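For clarity, chains are labelled A, B and C in written order, and residue numbers in each chain start from 1.
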């Protein structure tokens, strides 16, 4: 039963990924006029345009280009960057690692912090702590990443206190995480962007659970408050919160682009912005696909957690 | 003493009862009360409005007191206060609740104790059985674990094995299997009746002294209710518990309670032995309430509820003048003369609606199997069925709300299309359906005038002014009054909403009214006045009616014929008297045997 | 035991004496002040704060351009001095243009495109959400699966893909933000519509053969305005954030346009030297998004309390 349910979710995920690949590939077809001309600009010589046509198989029908592109994705061949002539995989690989470091660090802080703040807020409903957490998270949730980022830079790196580096500067041959001080502000921005959402959702979920009949019943049974929270209330919040965390991690994939640009952090986001500026379609497509795969996987995990946390689903709901 | 007292009881209070010498033993030996509620007052935190105003109640061990009241009377609030619990928004405003627990030598003042002391008493010395077990059992905990948790928290016994043994024994006591597999079940794997027994087992696990039951059988089928009531009664007596049974159902009270207390708007208006209160009620409200209870025999003519209620008031006004406090009951109870079903306007004869061989299934699940039913002109048929019998499915199929049934339904000899959209205008106008919940059947964003005009707009042959006129007349006909035309459902009580919903069914001057459980969401006095209304509407308009209900006691009050539906099959169909006195089917017999009565 | 009850208390509140002259209880005067979503929203202090903050920035964005060059002496693109000087109230920017002038002129584009994107997204989301819920079946499945596909690509990444292909033009921004909002709005709309469709008054309308389009617009739509209003506020906040972010990345408005996001991008190298070129637009964007988010949250609270009151 439960295996079937999970296999079903897995199948749906695969179908969605396939649809995404069509969508992402389809985007190239929207390039106005001759893509090669659009990419190389008006000054391009006919020879270069011809060469690019061959390189991108632009004279083949769309479906055959799609199939070879899709096949390439599976074999790790993400195509060739038009702007630099490098293989996309090579261009992206190193930088993806840098971005993942940033995101994982931010997730490790913001997920527990968001969950804890949400629970704390829910347990102190209507008190000062609750109002403070709710109010601050409402304000933070409204702000775009770059606003928070610039505020932090102004506060800690330039105008007010000059204690942290405002930009990342990794000499060639070194990795950004070799300089931990440079990571503080980028991670802080991501944490400040993501935590409020998790806290708000956790609070809402907990309030709903705390108002439920079985929590009231547990209290009327004489269950100690600590146990009411841990044993009776929290398990019911796991499923919904897993969903929110998944969505927030995906959101971070967008936020990380802005953060990397702001701090000149040598990650995937920075590479993406450069690619957009050079209209380097191959790179943008590859990055989009990578991000989508991450999103689908994280979401799938969240769904599985939700299924496992719910005995009704786990046992199939038969009487 | 039949009460099992744990052997290693000491003066250090675990939750478990002591063998001897506790406050409980002292009080019982002296013949005193175990639970004492004195002048209890509970108010809202915002505004300080009192919702419970000076309630006094006293209970001895082994005694079951029914606390009766309609929705909003404050009965649940009193029940929870007995455990020292006040729902958010409410606060203790005066008076006291005292329990004499069997695990200490001192009485416990529930309204003054700290959280920790209260916690140790809750679930052990005073326990609670909630209304809806589906909501109050933790869906993510195995049922055995939920019972065992009570024992563990209150330090019952000396070992895990002893606790598991107690879980087993209490499961047996409430009539459930006690094997490991059963204890490892999840709540969603049990039926409603079984879930409620788990609730009862959880409450009795610690051998409590005081028990609060909050409408524990509401939502259960009649036969399940009968068994659960039996279990509760038996457990209360054998465990020598003082039980406070909160309910709105006077028939249940008659079955189970030793004494009755009646609450009205936060006040206790009457209290006394069950027999006395039900036979000779002193307070006008109790009389009105009793006058509204439908009985199987049809003696308590609720179809004339309004007239009798006014008679009670008139009698009371007289009484006030002549200072004779006790002149109303005869009028309120009605003479002991069974009333035949309300007189139909026209002689029943021609079949108006004929249901032939109607079946319906949802996937694998067969909901209706080959149903035959006939509704004659001017006649009312009561369609009886418990939850899951398919009664709503059948009535919606007739009304054209469901369209995937097979078989045939004809109206005046003409076969009806499955859905209303494909029926003729005349058919749509003639057959009207009233929904169960008046809280869901009217659009909250539209005025009654707008909602009630919809059927007329769809008929399309009246001008706007004529439509308004019709709507006004319909509102008058249901005794709401035409001034309600600009009101929205949110401003109305449940009974008022249901009247408006009936009015919407009347605007097209129908011939057939299908009423699907239209009184089940309402208080008993409101139910009586709606039944009264339907009776009068039938007289005035010669309506034929299909009255769908789970309550067989209504039969003689509304219907000439009764059809009994069980798991999608009509098992009994005939004139009311015949079905009620000589049922042809064991299922009907069982229903009749299990129905609680005054 | 007390017997002192009010004379009316035992009376079924649903009955009216039919023999009485006219309506026994005068009904219409009871709902003195109708509690609507708007009144309940406005009753909250944070809603008032939100409206004031939003109005302030909207005022600047709308009136600002009209004040040039009358109020500042400069046009938005004219040069006032050398780069990053202290001249004027807030100094000059990276090319020596007057910061205040650029600031006053720079809000219109952000506001206009955010509102357009939100409106378009709301329209698409509502349409698909309501149709999916009401029609159901394979159409529902198709719409919701397509939603899943769109949702799997983060908004900003999706926008970047579109801009790569189509270029950083205003209509591309509006369209792509709208398209990324639509699936989220469609989900909310669908859930709210399903709740309403489960109610008996929709069944009643079906029973009276009310045309389906009329059911959607007259019976369903008025009952889902709460969640939709919340979504509108929330999505507007995110639209502002997304469009400003794209401009900040240099992929939204293009030079020499005066635009808050672009201003931040152009001037941030001199944050410590001449902070106004960055801080003015950053503050404006912050105040605006906080304002709209406060309003959205107030609507959410108001509509939640409405649901509690109804049942």
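The working rule: a residue touches a chain if its C-beta (ideal position, glycine included) is under 8 Å from a C-beta of that chain, and two chains touch if they have at least 3 such contacts.
In this text the structure is predicted, and so the values were computed from the model without any measurement.
Enquirer: Which chain pair shares more contacting C-beta pairs: A-B, or B-C?
Expert: Per the contact counts, B-C leads.
Enquirer: Could you tell me which chain lies farthest from chain C when each chain's centre is the average position of its Cα atoms?
Expert: Computed centres place B farthest from chain C.
Enquirer: What is the distance, in whole Å, between the centres of chain A and chain C, each centre taken as the mean of its C-alpha atoms?
Expert: Using C-alpha averages as centres, the distance is 24 Å.
Enquirer: On a C-alpha centroid basis, what's the spacing between chain A and chain B, in Å?
Expert: For chain A versus chain B, the centre distance works out to 51 Å.
Enquirer: Return the distance between the CA-based centres of chain B and chain C, expressed in whole Å.
Expert: 45
Enquirer: Given the complex with chain C, which residues does chain B contribute to the contact?
Expert: That would be residues 54, 56, 264-265, 267-271, 283-285, 288, 306, 309, 399-401, 420-421, 428, 433, 435-437, 439-446, 451, 454-455, 458, 476, 479-484, 486-488, 490-491, 493-496, 498-499, 504, 525-526, 528-530 of chain B.
Enquirer: In the complex formed with chain B, which residues of chain A make contact?
Expert: Residues 212-214, 216-225, 227, 231-232, 235-236, 309-312, 315, 317-319.
Enquirer: Which residues of chain C touch chain B in their complex?
Expert: Residue list for chain C touching chain B: 1-6, 9-18, 22-28, 30-31, 199-201, 203-210, 219, 222-223, 309-311.
Enquirer: Going by the contact rule set out above, which residues of chain C touch chain A in the complex?
Expert: For chain C paired with chain A, touching residues are 145-146, 148-149, 152-158, 160-166, 237, 240-242, 244-245, 248-251, 264, 268, 271-272, 275, 278-279, 282, 285-286, 289-290, 292-294, 297.
Enquirer: Provide the residue numbers of chain A that touch chain C in the complex, in ascending order.
Expert: 12, 15-17, 19-20, 23-24, 27-28, 30-32, 138-139, 141-147, 150-151, 153-154, 158-159, 166, 250-251, 253-255, 257-258, 261-262, 272-273, 275-277, 279-281, 284-285, 287-288, 291-292, 295-296, 299
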